[in-house]
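Some structures are shown below for you to check.
There are two complexes below, and they share chain A, which is joined by chain B in the first and by chain C in the second.
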Partner chain A sequence: MKAAQPQSKFGPRFKAGLTGWLFIALAVLMICAFYFYPMIQALILSFQTGTGSNLSFNGIDNYARLFTDDMFLTAVKNTFIYLIFQVPLMVVLALFISVLLNNPRLKFKGFFRTAIFLPCITSLVAYSVVFKYLFSSDGLVNALLLKVHLIGAPIEWIADPFWAKVTIILAITWRWTGYNMIFYLSGLQNIDNSIYEAARIDGASAIRQFFSITIPMLKPIILFTSITSTIGTLQLFDEVVNITKGGPGNATTSISQYIYNLSFKYSADFGYAATVSYSIVIMIIILAFIQFRVAGDRNE
Partner chain B sequence: MNKSKTFFTYIFLSIAAFISIFPFFWMLVSATNLSVDVTQGRLLPGSHLIENFQKLTSSVDIIGALGNSAKISISTTILALLIASLAGYGFEVYRSKAKDIVFNILLLSMMIPFAAMMVPLYRMFGKISNVVPVIGIDTLASVVIPTVTTAFLIFFFRQSTKMFPKDLLEAGRMDGLTELGLFFRVYMPTMKTSYAAAAIITFMSSWNNYLWPLVVLQSPENQTIPLLISNMGSSYAPDFGMIMIAIVFSTLPTAIVFFVMQKHFVAGMVGSVK
Partner chain C sequence: MKKMMFLLLATVFMLSACSGNAGSGASSDPAKKEITVWAWDAKFNIAALNLAKERYMAKHPDVTINIIENAQADIVQKLNTGLNSGTTKGLPNIVLIEDYRSQNFLQAYPDSFRDMSDSIKSADFADYKAGPTNYNGKQYGVPFDSGVTGMYVRTDYLKEAGYTPEDMQDIDWDKFIEIGKAVKAKTGKDMLTQDPNDLGLIRAMIQSAGTWYLKEDGKTPNIAGNAALKEAMEDYKAMFDANIVKTNSDWSQFLAAFNSGAVASVPTGNWITPSVKAEASQSGKWAVVPFPTLKNTPNSVHASNIGGSSWYVMNVDGQDTAADFMKETFGSDKELYQDMLNKIGIIGTFKAASTGSAYDKADDFFGGQKIYADFAKWTTEVPNVNYGLHTYAIEDIMAVEVQNYLAGKDIDSVLNDVQAQAEAQLK
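What follows is the complex of A and B.
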């Protein structure tokens, strides 16, 4: 690759003029129309109340309602439970698998990598339906666990409030671990082997090498995957709807599902639905900021 | 590496690989068995594939759903690649400070959760329905239009354009090509691999998209494959053999794309981040 230049490497002659703007015009227009304009609309809507399109402004009432809305608080709590358990579980698992796969003397590397990545090709709906059946009370997972005497009675994976959350977490982990693994693997390949050799000569154990070399070197990628996973989990919808329907009760309802229900299942409360959706926007901004601070600042 | 560690590595990776593959195996095997056998935990291939398939085609419009999904995904992919590559090329080749600011603003849209735009988009298409019904609510076009442009893909093409040799543009200009001609006749053919990677990512996410089609598509004849499977999966007396065939059909296109273009697939995912 050529060295980075401060100006466009295509030369100053072509910077000026309308041509460049014409190339980007369509994309800018589309993003404004289908991302920024809806966000402004949602902001306006979030201060309105009413059913369907009969809306009137009601100040910050919608935002005040959030704090007394049990359904909303449950959805937030559920989403955070997924976040706190699922994202670290997956990141650690994906890192661990990547380090094992990065061993140059490992055989069947291609097979393991392809197999573990395979879940990523399924649609969220399709794998959710498969998981729903595998984890049903008379499903294969219970049958298997009973057979090896790990459990004495079938676990209610879908019908019990606690186990339903576990099922959702296991499902998401199954679907996305391989995806994260690919990023870590490509990061590991960029780490010079001589660093490890030097560490080995200094007598650093494998565990020490992992924490002193691998983790610091992969930090930007871990940060990237944690942020994308966090954003993904805050938007969780397909799995919850198709595995548990948000049940039992509201034990697995996610925020996105609640927004959908408010808008299209209950009485079309678009104003309040927009308020709830802004709460996700605010959470994404706060969490991304925290993750940047935690992972990003140490170098400075 | 000592022996016990090697042993542990293989055992662990084998278990991980087994867990990853098993649902696929179960799905394929169940598609060939009767629903009763599936509930009894049969894990061997059966001889009821044709029967299940006939049941499926006679009870739901799977062909129609596959057709709708194909129309949506293919048109989304073509349009998305065109719009995003034009923009990525424009941002990099005609780079200016003002454009860099615009680019950074566009990137902000990646942080917007879809659920936050869902309601305004729905109302927007409701209004469009009154003016131009062919792209309004409950049309395939209404699925394509708001999802076709993503900042991610623009970012991807801008990153790829950094590797594009600029001498080719100079040579093209000498030959008298117009600026747009340079893009279509010089840039596009050179960037085939980037287009392939982008096509895979876009096709997959479009093929698998669930929430927006669920909101905007209402009539059964417009159903996409994820909507159909979701409906089948929520029935009270599911016929497992039949549902599994539908799931196999929904997974087949992405599986084929994956196995045929595995290299581009991973390159596309990872390359966009570097």
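What follows is the complex of A and C.
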């Protein structure tokens, strides 16, 4: 019988496992500390009431309060208006531009791609302030529209409840279309050209190719961009605060801005503010679920 | 999976241990000689602090005072997050808080501010400053600037319409609107400019009658059945209906409206004086008359307030030094107040310092009127109200309903709706 080999206390499998764990330990710790721990704390906070640090538990009162709170309901309504108009607009626009830019015969491709991507590296606050001035009642946009006689009197882009929403939607679309376009471009480059060649041989028109090849092949990416855009829109804050301050009245207030107001503008009601944040979480989960159901393949 | 759970638990445990330690960071060295002050507005509050620091350091060279400028919104945010986290690290010794918000902080974090009753006397300051700076019978804040209102008027436009500033000395808002119509008819200029999202004028109108959005407990909305508020809103709408209001949508448009000569009057806080004087070409064409009263509200006076803030000493290392700094400067130094008015244009609320050469100065821009003496006098007449906890929350609800009101909604249902929304929201 051979002498037993000197063995470490732990088996080799465990050792390999341990090495693996060590590699990810730091990341796991960080994620726990900076994601999960605050999330759990916020959840606990959302069941508390009081101002500042004088907090006491009040069960689900905060969640019940959401349904009677006009300010919250208006903020939700505004946010969903942005969502319903802005996300499809942006997705379609980004898709359209990316197909144009993917054309092999296009000249100055690099220039156009950079130009369209550029808005999304600008600072949120800086571009919002520029938009505020562009769209002010005596701003450049009104001056231009008046000059070409499209309108007879200046449009109150910031001060009118309807146009203020339009301004916000235009601003977000300008900022984020290029960002989504990049995803579509990379997706388009992954589609094998032979598929298009085969289609052309079969006599499919360009439009038919777009709807029957491009869109189905890009479906996972379209799904991804619409979910990230939905999340982004539900968290909308900078543009609204800087362009309209939520006004006129509360015609453009977003949910995130209401959270900020509850915490810092009104009376430091952190418990209820956390409840409102969790309402966003719930909405995102529901919306993402719907989007997966509508667009996703179940076996993927 | 077990290991995963272990890691998670370990993390949570570690983190709760951390936060447990942080809570015990109480003041261990109250006499520390280095203190930090937070305030906003370099040309106003910070400038006043620098004057105070200079005078204090001359007597106490061993003390170091760090003055840090932050935007007001940032100060509110940092204070809230700092105080809420339970650690006092990173918080200043003295912080400037707007009067509309102060009750909020005092109630939310009562142990974090130092009771200043031993260092200063509430009675030494303008009466109306007691509301925001007192809490539970203790004097926490050191009252600072006066937001006392006045009616800035263009004497040349008034003259064209057949009026003089003397005609406006003792008027109510109905008379003001009548004069406004005459001015509009004769000169084509609007009487005043308003941002429909900023209800400062309505706030000032109701404070002139000693009432507020909230009842005296500072918590219960006082909207429906508030006769002064109802009258103020009716007057506000009457101004729009009379077509004498030029609307603006932000601060720069507000300034432009009177600097460009487009409006004949500016009813607001005295802190606007430097902005009015910024347009040198209008020198001699302005006067300041008392704030109008509400006609049907008997206790409405010719004095009110918009804005203004006070200093608060925090319960952290160095608080004795900070309290002494406040006591010897803003709490008692008459010369400092003269300096503040002469060099910066700040009207204080320290009663003993409301006279003197700086206040008696005639200002040629205002046709030789002693406007500072007038403002100082009005400061003593401002009714004291409790701004309470929810001024800004109610103002946001009001702003929406005021729009509906201007568009034709019935006043009583407007007030009832605001009341109902406020009650639902402010639990």
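Following the convention adopted for this analysis, the second predicted complex is superposed on the first by the 280 of 300 C-alpha atoms of A that agree within 3 Å, B and C clash if a C-alpha of one lies under 4 Å from a C-alpha of the other, contacts with A are read in each partner's own complex, and residues count from 1 in each chain.
The definition used in the following text is that contacts are C-beta pairs under 8 Å (C-beta built on N, C-alpha and C of every residue); 3 or more make two chains touch, one makes a residue touch a chain.
On a predicted model such as this, the values are computed, not experimentally measured, just so you know.
Q: Sharing chain A, do chain B and chain C clash or fit in the superposition?
A: Taken together on chain A, chain C would clash with chain B, as the superposition shows.
Q: Looking at A:Arg65 after the superposition, I want to know if it touches chain B, chain C, both of them or none. Which is it: first, second, both, neither?
A: Touch status of A:Arg65: second partner only.
Q: Pick one for A:Ser56: touches chain B only (first), chain C only (second), both, or neither.
A: neither
Q: With both complexes overlaid on chain A, does A:Phe270 touch chain B (first), chain C (second), both or neither?
A: Both partners, chain B and chain C.
Q: Which holds for A:Ala159: it touches chain B only (first), chain C only (second), both, or neither?
A: second
Q: Between chain B (first) and chain C (second), which does A:Phe23 come into contact with in this model arrangement: first, second, both, or neither?
A: A:Phe23 sits against chain B, while chain C stays out of touch.
Q: Let me test your reading of the model: by the given contact rule, A:Asn193 touches which partner, first (chain B), second (chain C), both or neither?
A: In the superposition, A:Asn193 touches no partner, neither chain B nor chain C.
Q: Answer with first, second, both or neither: which of chain B and chain C does A:Pro248 touch in the superposed model?
A: The second partner, chain C, only.
Q: Have a look at where A:Gln235 lands relative to chain B and chain C in the superposition and call it first, second, both or neither.
A: In the superposed model, A:Gln235 contacts chain B only, not chain C.
Q: Counting touched residues of chain A, say whether chain B or chain C comes out ahead.
A: Looking at chain B versus chain C, the one contacting more residues of chain A is B.
Q: If we overlay the two complexes on their shared chain A, which of chain B and chain C does A:Asn261 touch? Say first, second, both or neither.
A: A:Asn261 sits against chain C, while chain B stays out of touch.
Q: Do chain B and chain C land on any of the same chain A residues, and which?
A: On chain A, the overlap between the chain B and chain C contacts is residues 21, 28, 36-37, 53, 245, 263-264, 270.
Q: Quick one: in the complex, what on chain C touches chain A?
A: 3, 7-8, 11-12, 15, 73, 76-77, 80, 83-84, 86, 104-105, 107-109, 196-197, 247, 249, 389-390, 392-393, 396-397, 399-400, 403, 421, 424-427
Q: Any idea which chain A residues touch chain B in the complex?
A: Against chain B, chain A makes touches at 1, 7-11, 14-17, 19-24, 26-28, 30-31, 34-39, 41-42, 45, 53, 97, 100-101, 103, 105-106, 111-112, 114-119, 121-134, 138, 140, 143, 174, 178-179, 182-183, 186, 221, 224, 231, 234-235, 237-238, 241-242, 245, 255-256, 259-260, 263-264, 270, 273-274, 277-278, 280-281, 284-285, 288.
Q: So in the complex, which bits of chain A are touching chain C?
A: 21, 25, 28-29, 32-33, 36-37, 40, 49, 51-54, 61, 65, 68-71, 136-137, 158-159, 245, 247-250, 261, 263-268, 270
Q: Considering the complex alone, what residue numbers of chain B touch chain A?
A: 1, 9, 12-14, 16-17, 19-21, 23-24, 26-27, 39, 41, 83-84, 86-87, 89-96, 99, 102, 106, 109, 111-124, 145-149, 151, 154, 163, 166, 169, 179, 183, 204, 207-208, 210-211, 214-215, 225-226, 229-230, 232-234, 238, 240, 243, 247, 250-251, 254-255, 257-258, 262, 266, 269-270, 273-274
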